[in-house]
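Starting off with a structure, shown below.
Note that the chains are named A, B and C in the order they appear, and that numbering of residues resets to 1 at the start of each chain.
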Amino acid sequence: MTWRARWRDIDKAFLVGVILLGLIVLASVLVPVLSKFDPSSGTAKPMQGPSSANLFGTDNLGRDVFVRAFAATRLDMAVAMAAVGVSLVVGTLLGAVMGLGGRSKLSGLLSLVVDSINAFPFIVLALGVVAVVGPSVPGVLAAIILTGWARYARVARARAAVIANADFVHAARLLGYSRTRVMIRHVFPNVYAESFAFALSELVIVILAIASLSFLGAGVRPPTPELGAMISEGRIFLAQAWWISIFPGAVLALAALSIQLIADGYERMVRYA
Amino acid sequence: MPSDLETAGTPRSDHDAARTDADGDLLAVSGVRIALRRRSGEVPVVETATFTVPANGALGVVGESGSGKSMLSRALIGTLPRYGGRVTHGSIRWQGRELVGLPEKAWRTIRGREIGYVPQSSMAGLNPILPIGEQLLEAVSNGRRRVDAEHRARVLELLDLVRIPRAKQVVSETADQLSGGMRQRVVIAAALAQRPKLLILDEPTTALDVTVQAGILKLVADLRRELGMAVMLTSHDLAVIETICDKIMTMYAGAVIEIGGVGDVRGGPLHPYTKALMESRVDQADPTRDLVTIPGEPPSTGNWPPGCRFWPRCPVAVDACRVGDQPAMRSFGQRWSACLRTGEWL
Amino acid sequence: MDTLRRHWAVRIVVRGIAVSFIVATVAFSVLRFAPGDPVLAILGDQASPIAAEEMREKLGLDGNVLTQYVHFLGDAVRGDLGTSITSGTPVVRIIGDSITPTLSLILLTALFALVLSVPLGLRLALAPDGLFSKVFRVVSSFSLATPGFFLGLLALLLFAIRWKVAPIAGFEPTLPGALAYLWLPALVICAQLIPILARVFRSSVLRTLDEEFVEAAIVRGVSRRRFYWHYLVRPSIAPTIALLGYVTGQLLGASVMIEMVFSMPGIGTRLVRAVTTRDYPTVQGILLIFGVLVVLITTLSELSIKRLDPRAGGDR
């Protein structure tokens, strides 16, 4: 394939998303290391507006908002990846089992659990879990995994039900392969391919959910730098020092936008490939 | 109704020919070309359609899907723009008035009032959420604001006209409560509301069961006689056209290729495509012999071959058929054919 | 009786009641099956066994899970959701006191969303490739990627602090006064809701435009107003309302965030306070109410879809 043809095949929105996300990830790794400011201790004058020394200004405790914002992005991304990874694997596995189980008692019960978890607004149920586990990084992880796996299960259930009836699966069964072998060799790879596209768009929702929980005070607690918590801390100074809230918010929105572009572009490319 | 299926099914060409000759032409179409706007530019779908429909006449347009017959019908009611289409050449004269290039406002006084239209499939021809009565009232009042008792009486009269029993209940029902045949009757009733001089039916029976089809065809034939209106009907089924029409017009790949009286065409078609259509009819096939089929596929829109569009599938094509433009229609007495060899191979 | 049982409305309502019980079960399960022990979380690790046992009883966490479940359901049906351990008020009272702002916000948001996305979707469908559609696509992808609470904060900064056209915080439960507090939060939620709804409505209008009955109406000379309403909007609106019903349920989640941003004394604010103070009975009660509200909203939207478009199924 020539360069030119390959260039035409790549979705432009996807490309913009990849570049944007690459820049954000790069910044979140490099900025905390290279900057002379420390993300969790105040060394500058408090409540200073954006300047060449402090690009995003300083907060009420004299901490550099620029460093804090990117240290926070690193944390949010890591937590989101972990949460999405676990939900994807567990949810898809259970969903595939449900889809293949047909009318068995176990899959009926699982389906009921999945549908009732999905009936709740995501953030509300996550708040309930945080109430028990406690507001912390593990608390946020537990909240998002416990409520998130059910959405992957729903997607995988539908997909597996279709595949289970596909001709090649019947053929494999007729050839005498065991049920387990057919599932591992034929059904799971197909279901995971679909779930991966779904997981990309879920990543956006999960990053926003982590920030939302922390914004509410039910997630990562200060002084740990976290985008939602930073926005929340700056809220009371909105009238005097807008930059404390607005810059972390903008970074969060850009991160979400870049992943959204990647997810949409990926889906388009898969669909029209 | 006194006439039964048997008589409705027989061609009455001589009887009708006597009536139409006396009147002038209601509709005169000449040299019409229709093109649809596509990404790649304008794609022609109909080229050089020339024909007339006399008052009280009944013209049947036969052709496969994609032959352009539906777009031709839409040109006559001015809804081509909905499909990104327009008439690029030629003229359509309705009672002496030019319809090509007519502004939308002027169309409102013609379509639905002077020209009635029954859309392709009866299932989708009715709004699924409005009661039947309301849709008929729209047709009766035709854009006028005021609806009065007279209009309501006319709705019941129309339902009676299309032989729908228990009209009083039907008006408050929605389309999903009616059978396919009943729906088609309602659609026909709506088209008749303004007492049109010409009724255009686009594939009126395609979606219906065979038994229901017969009932609808008989209804159209009866209505035509009772109301003294002209009919233009498109179908891919020659049997449907023979039931109702006195003239047949064959279309192939956007071109009109044969026009003639029903009896004449039945007796011996002039164009090899029409001949092939007659021979491949299932309803009159000889059970002891294999069904005749036309070899090959009709060309897709915009991919018409040079020369006569039928030559790749034609059993009698010669070199002259494969070059130049689509051959023009030539007259043979009262009949027309676009086949270069019509004179020879007959 | 038999015809009554077969009536679509009855079936929709019966299913709603059944789902409510499932939702109650989820609210019940969160406290029991999430990792961690609520009792130790309240009293700390060094709590005496006697104090722990007392707290367990107070929270309804004593005895085996099945007995707890039966008690919980029995009490809930009788309207008893326990008492708050921080204030001692019955949870039902807490909910009753704080539900008005939340419900008014949801209602106004749904109303705004429907009223704005129908004409918007219609406009998009009638010129799918126009400049308007392109601008819409860009704007909507930005507003969808922006977190709702951040959008709320921006709105607060601009409208309340800079331009002073909206109050900064609070709520007023009487009607004309409430609107002053509600319009901005409702519009903020709409900014994320309308792009989705308008797109769905646009594609169903496009599908309707291809229908033959639309052509039949044009031939019939149906008046412009009648044509838009009965031939384009009504036949196309069912998927949009179904989605609105679903999204409005999820909107309860968004309203939690927005209530916090705009400091509204709603049920979302109460939930967050209960979570941060570990007031388990209140958390459990509010979770239950949220679940029941979602079911109620879904059921209502199904009923209204059936009224607007008899083709729509309500009895899958």
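The criterion applied here is as follows: contacts are C-beta pairs under 8 Å (C-beta built on N, C-alpha and C of every residue); 3 or more make two chains touch, one makes a residue touch a chain.
Since the model is a prediction, treat every value here as computed from it, not as a measurement.
Participant: Which chains touch each other through the most C-beta pairs?
Facilitator: Of all chain pairs, the one joined by the most C-beta contacts is A-C.
Participant: Could you tell me which chain's Cα centre is nearest to the average position of every protein Cα atom shown?
Facilitator: Answer by centroid distance: C.
Participant: Provide the C-alpha centroid distance between chain B and chain C, rounded to the nearest whole angstrom.
Facilitator: 53
Participant: Taking the mean of the C-alpha atoms as each chain's centre, how many Å separate chain A from chain B?
Facilitator: Distance between chain centres, rounded to whole Å: 58 Å.
Participant: How many Å are there between the centre of chain A and the centre of chain C, using C-alpha atoms for each centre?
Facilitator: Taking the mean C-alpha position of each chain, the two centres sit 23 Å apart.
Participant: Taking the complex as given, what residues does chain B use to touch chain C?
Facilitator: The touching residues are 77, 79, 82, 108, 111-113, 116-117, 119-121, 124-130, 135, 138-139, 142-143, 145, 174, 176, 187, 190-191, 193.
Participant: Which positions of chain A touch chain C when the two form their complex?
Facilitator: That would be residues 112, 115-117, 119-125, 127-135, 142, 146, 204, 208, 211-212, 215-218, 228, 231, 235, 238-239, 242, 245-246, 249, 252-253, 256-257, 260-261, 264 of chain A.
Participant: Spell out the part of chain C that touches chain A in their complex, as residue ranges.
Facilitator: Residues 19, 22-23, 25-27, 30-31, 34-36, 38, 41, 141-142, 144-150, 153-154, 156-157, 161, 249-254, 256-257, 260-261, 271-272, 274-276, 278, 280, 283-284, 287, 290-291, 294-295.
Participant: Show me the residue ranges of chain C that touch chain B in the complex, using the header's touch definition.
Facilitator: Residue positions touching the partner: 209, 211-213, 215-223, 226, 230-231, 234-235, 308-311.
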